[in-house]
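Note that subunit A is present in both complexes that follow, paired respectively with subunit B and with subunit C.
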Partner chain A sequence: MSSSTLDYSLAGLSQSEFDLICEKLCREPNLLELAMFGVMWSEHCSYKNSRALLKTLPTGGNAILQGPGENAGIVDIGEGLAVVMKVESHNHPSAVEPYQGAATGVGGIIRDIFTMGARPIALLNSLRFGELDKSRTRYLFENVVKGIGDYGNCMGIPTVAGEIYFDDHYAGNPLVNAMCVGIMRHEEVKYARAKGVGNPVMLVGATTGRDGMGGAAFASVELTEQSLERKSAVQVGDPFMEKLLLEACIELFKTDAVIAIQDLGAAGLTSSCCEMASRGRSGIKIELSCVPRREEAMTPVEIMLSESQERMLVVVKRGREKEVGSIFEKWGLSGTVIGEVTDDGLFTVLERGKVVASLPARLLADDAPVYTRESTRPAYLESVGLFDLHEREDMNIKETLIALLARPTIAGKEWVYSQYDHMVRTSTVTVPGSDSAVLRIRGTDRAIALTIDGNGSYCYLDPFRGAAIAVAEAARNLVCSGARPLAITDGLNFGNPEKREIYWQFKETIAGLAAACNVLGTPVISGNVSFYNETETGAIFPTPIVGMVGVIEDISKVTESFFINEGDAILLLGENTHELGGSEYLRMLTGKTIGECPAIDLEREKKVQRLCLEAIERRLLNSAHDCSEGGLAVALSECCFGKGLGAKIELNDTLPIDALLFGEAQSRIVVSLDESKLGSLLGLAGEFGVPVQVLGRVDRSELKIDVCGREVLSVPVGELEARWKGAIECAMRS
Partner chain B sequence: MKATVYVTLKNGIADPQGLAVRNALDSMGFDGVKRVRIGKIIEIELEDGCLDETKVEEMCRSLLANTVMEDFTFEMSGEKR
Partner chain C sequence: MVFPGSNCDLDAYHAVIEAGEEASYVWHMEKSLEGFDAVILPGGFSYGDYLRCGAIARFSPIMASVREMAESGRPVLGICNGFQILTEAGLLPGVLLRNRDLKFICKNVFLRVESTASPFTKALESRSVLKIPVAHGDGNYFVDGETLWSLEENGQVIFRYCSADGEVAPQFNPNGSVSNIAGVSNARGNVLGMMPHPERVCEEITGGTDGLLLFKSMISFLKGGMAGELVNS
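Right after this comes the complex of A and B.
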């Protein structure tokens, strides 16, 4: 075949990969087979650049029922119940078509959850955009939020929490990471392992069209002007169809007719068939003429690579097709038998009886080459840690605080979450705005707490620390609600891993995640890697996103982040430091991400969290709020916002005032409690070996801060809150 | 002057709205409907002599059609209202 040189590069494969395929097959693949290898061995499906390092993450534990490798991870939450969760990126599609890109990202992650046998009960998201002063960014932001909201709202699944950062490193390549959480009883788990020779393979849901052709390969290259023109990659979501699919599948699971089930995501029929066969150590044979299509004259390549949304592949017990078919019919869907399970280990594709592709399922699904790349510490790190601030002492604290509160990254996100239905299904106990979302688990006294966190700026300055902080902060957020952290799902967003500096960032990030997960006892149960987040102007900040679930055994102990009683004592668990590096305050002043990433002492972090959790357990606290972006002053302001109270604070630290108020030192929690419980808390802090200090008292409507006897701030909370609340809406109207 | 702009989904882009309408027609007893695709018509009244076809095309590209997913055509007519 003289044209094969051209063929494999078009399929996105390298010469050595092509040679390996020929060697394993003992022949050259045909064009269809080459296209199938192209998508399955793309970074997006094969994780060829990340697999070696991902193996170093802790993934097991007593509560872990299913780690990475299935469609989603599963963790035990007690009383025979389990939480299923996963985060997934949809960055490239959202850069091209923000509304549909974000919507189909949500649709995809929901399918991953109910595929496991669980009912999806909550959605979260983590977003990154450029600064809002550009109209393109506002267009992307507005439509991504709308796409997320519309899909979740139509499905009747509440979007309960999220996080957003704005920085121009994401201007051309926004990040859209969607997370879904489901619940089920342990015994209800379903696996995607095709078994039992002769069992029929059914395709259910939407018809197959040319939309999203080769999206997996598309997500594995850098974004260029040319790729923005690659219009065929746009998939359109249909949440109503997905709702029918969800309900039909849940009803189907109540029968024992299902052997295996998997959704069709990236690489469509190709990936779902070969992965199910590979996991089941079996084979699958399908007949293309049986696949219901939406368009005329589709070629085998187009059918096999189509990424049409809202489709599922189900292996059912032979003889039960009618029963399964009637359940789908009830929900207005058609399930079509397109093939059967075999025992030859092959994924065979027929077109009107003629074999058009026949490949070892395992080779296609799991045996892509694994690369460990060369890594080099990026040169920018030599200079980025240094900064010199002038006129720090005579700055106006009030103006600085107000400006900081109005930074879109810190400002209230009501403009965003008011577009999401966060109450549907009425299990949401703590609504967006607190440190984590809390959902009641019906039929028990339990609740789960959910959060999603990540700080790309920290990771840019020090990926190891930044990644460890992402885990620590997620856990801290859960602990502030009174939840015991259980497990994480990680969304890893990076530039081109073939570049040494990017691979170094990735390597350090994985090491940081592993270190924090080990100390804090939260294994990784699922996740997603998105590479090639680059444009002509450079790579994004290395951005690991951590989605975390925790359990609250007694729902009456759920704690919120807001002060609730005038007169309560306000305490800081942890310690203020001189650190300013990587802070939003520095970025505001200099326009740059500079300084040294805040230090993280994981053992200290663990102690602070244990103290907070134990204090909530003993009902000592009335509120708990983690101190993060914007530092202590922003954290105190946020504590005041919820209930319209104020605070009178007296600080005696002899630190530079900006570091004290706006520095982002880690392992700090602001709590409030009744005066009468102060002794107990101080005693407990002594037992845990955690430094604490009394900051002041919850007051009426003003935030007053004295430092070493000098008043530095006195401002009505209403004034702060108005700027904080209105900032994003204001930016979007300009 | 009047410009009439027709915006339609590109071939191959799924149309859930069109599908819902097709299914509704089917369930109402209108047999034989194979496919429904939904687009929109935009009528723009222009001041005489101010805007030409190039400008209308620019309007379509930058606002009226989402060219990532949609095609557009338009016609100009001289009738005054």
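Right after this comes the complex of A and C.
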């Protein structure tokens, strides 16, 4: 075995990848160059296993100002304003060191937003853990929430929405997906394209240390027992430093001295330099001895691979270094010139004047091989669709509903969001707890609505449908707040794509996302792929997460999910159908994710959403709430919480009672409205071709449900709400 | 006042504008507050809460002028981290410890107005109840028994955590503060520190206008000839 054979496998490259590098370079790379290829061609940086399929997603549209390919996507929200957004995973670091893993996940995504020139205005997150009966899960959950909270709170960016599911398929490999949303005027956009020969390249912010060494490569393999010892691959966050960096950058952008800017995320200096040069079709030359370090005797490999947080690379106009430096100085930060832009297409690294690496920037950044893997429909799908429930008719509805409301996945999440400052910047109009968060846009009558959604159980049973439902539900959440959905950012979390069954899940998921995005008119403007979410006990559920933004043109029309007036009529937009598969109810009864994933008719979905939006537009509705996990009974309960009202419901469907009350049929929205507007709504529903049914009336303090003339439930809302509200806190105390 | 790490400066600015007055940001490296009638130290995480909340910010150059403002009897309001800075600077008694349950907490709470002898509560009704949010990890107010007795005696306790009906009891105390104290003033009454965020509730659209009352009170105090009118001065 030659020495280089050993080297490339240590760098995480395959024989064929190593051969390709030698062929393109017409030589063998040296050790530093090999390490740089190792991180840049890792799955985490190169998307080599996902790129081919990601290209099939719709990414353009009239309102889209920037699709995938930059640090974040940009969508027009009118009046010359634009929203910048992106979601990113930090799963592996959070599995090993939950507090810092989650915190730096938040820090990284915030940097992606403000490097685009935008002011970050909101954070969201999507989390997955095992069941809370295990102490390890409680430890992970507690510290992930604390990590997210401490970082966002210190930054002064409100964490306004999120979602959490608990299932043991995530026990060893929790998911932490963080999303950030920023706002700017169209003309304020900044790009990460290095241009102009001789323009200085500055490294600003924190110093460079050995933390996070090889984090990108670490994220590109499965988790094992030994992973717990890989804490050195987890970065350490400093939100105060990032706050200074944010304010300094925003001040810097007001000058015209900046040519390009990019944050140092995965693969640190290596990725930021070669990506900026590749996007700008230029080259970059840096001198390692100029890089400010926090540790002694760092080798070139360590400096180039360090993932120390809160650092930015800025290309400024030649001659403006001093001005730029003084802005950073004001904020107590150092900005150091470490190199310059060239026109040779190379990323050249010098150490005290001696070239230690010289690689074509494009080859490193963009030309990793793209793999289309073999796929096979997983064998487990043959058996999961079947289930048999006995004695369903004489079940105790009240006990079942209470038990369902106390399931951590469904229960109120106040324990979580009260640890997040969700109000700072005083623009949060709808706080966590409703279908989506709403933020007013100062200086306009507009607002934006934000949500993040995904359901791994559905995707496990049918990744195509599950992914389509994730998009549909996200859009439904926005519509319930009165917002017109505009665009999505997707966080795709899967197992090892080199396994055929996992790749099949990925392929189906992409197809499902594409189908739903096309029908609902919400292109994908940014996103993140996280593979290798596996432990010795197997892969996670395929879990696509959809973060979505919508616009509300008239803020006075913002609608919430809670009933507000006693006596209002309650209606269901859409139809109750027999869908128990994949439901939280079935999981509660059987401990398993079984059955057939709920059906989704995207055209029907679109009609239901258009009806709801139009009804809000015409000020017909007093509340609107998406019917999702836990089904109709849970949705009705949630509508009652908050304002202390109740509801009297009469159902005449002939479905089995559990399917009717707890089934998770899609494309349903529970609305309430003044009796006098009933005719208008029914007329509108006719026009849109959407089936609707009157469910009952908003009542005082009790939830009563009759089915075909028989009372099946009568319970004080306070009793339901207490269990729903206290369940997570209770679980965390055990 | 903007310190490195302040993050409620924008909200405090808009609160004053909403109350009908002019406001501008002052960077902590400035040395003079000339031309200003009142000063607000906003919430946030000055210096990342390193060492101790507010412990580093108190050495900022501008703090000498804040002290002069306080001594001249003009209104000084410290909110959340601003409150912590004022205690660290010795302009207010007591300290703010970690919350009782060791978690950051962000939610609406109710406050009872205990004293109207401050520019910020002068126009409010004594014993009235305000709904104002808290958002902090270190808001557990503590003073020794003797100081507490003198604070009570002098009417320096301005706000207490209470129920929606104004009942002061341990279960309405979000962070473990001694005697449910949410806000205290100096002996003269013109310097107020409070953990809840009145600047966040100055518009109906963001959850209410109870906080606006404090800013309006401060403005009417300034327009009415200032410190001479404070009961305790």
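Quick note on the criterion: the second predicted complex is superposed on the first by the 732 of 734 C-alpha atoms of A that agree within 3 Å, B and C clash if a C-alpha of one lies under 4 Å from a C-alpha of the other, contacts with A are read in each partner's own complex, and residues count from 1 in each chain.
We adopt the following convention: a residue touches a chain if its C-beta (ideal position, glycine included) is under 8 Å from a C-beta of that chain, and two chains touch if they have at least 3 such contacts.
Computed from a predicted model, the values in this text were never measured in an experiment.
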Contacts of A:Ser271 with subunit B and subunit C, given as first, second, both or neither: neither
Partner chain in contact with A:Ala206 - subunit B first, subunit C second, else both or neither: first
First, second, both or neither for A:Asn622, with subunit B first and subunit C second: neither
Which of subunit B and subunit C A:Val429 touches, first, second, both or neither: second
Partner chain(s) touched by A:Gln235 [first = subunit B, second = subunit C, both, neither]: first
Residues of subunit A touched, compared between subunit B and subunit C (which is higher): C
Contact residues of subunit A, present in both the subunit B and the subunit C interface: 238, 240-241, 332
In the complex, subunit A residues that touch subunit C: 146, 149-150, 153-156, 238-241, 243-244, 331-332, 414, 417-429, 431, 440, 555
Subunit A residues touching subunit B - in the complex, by the definition given at the top: 96-97, 100, 206, 209-211, 231-232, 234-238, 240-241, 294-295, 308-309, 332
Subunit C - residues contacting subunit A, complex: 4-5, 7-8, 10-11, 14, 43-45, 47-50, 103-107, 133, 135, 137, 197, 199-200, 202-203, 205-207
Touch list for subunit B against partner subunit A, complex: 10-16, 19-20, 23, 66-69
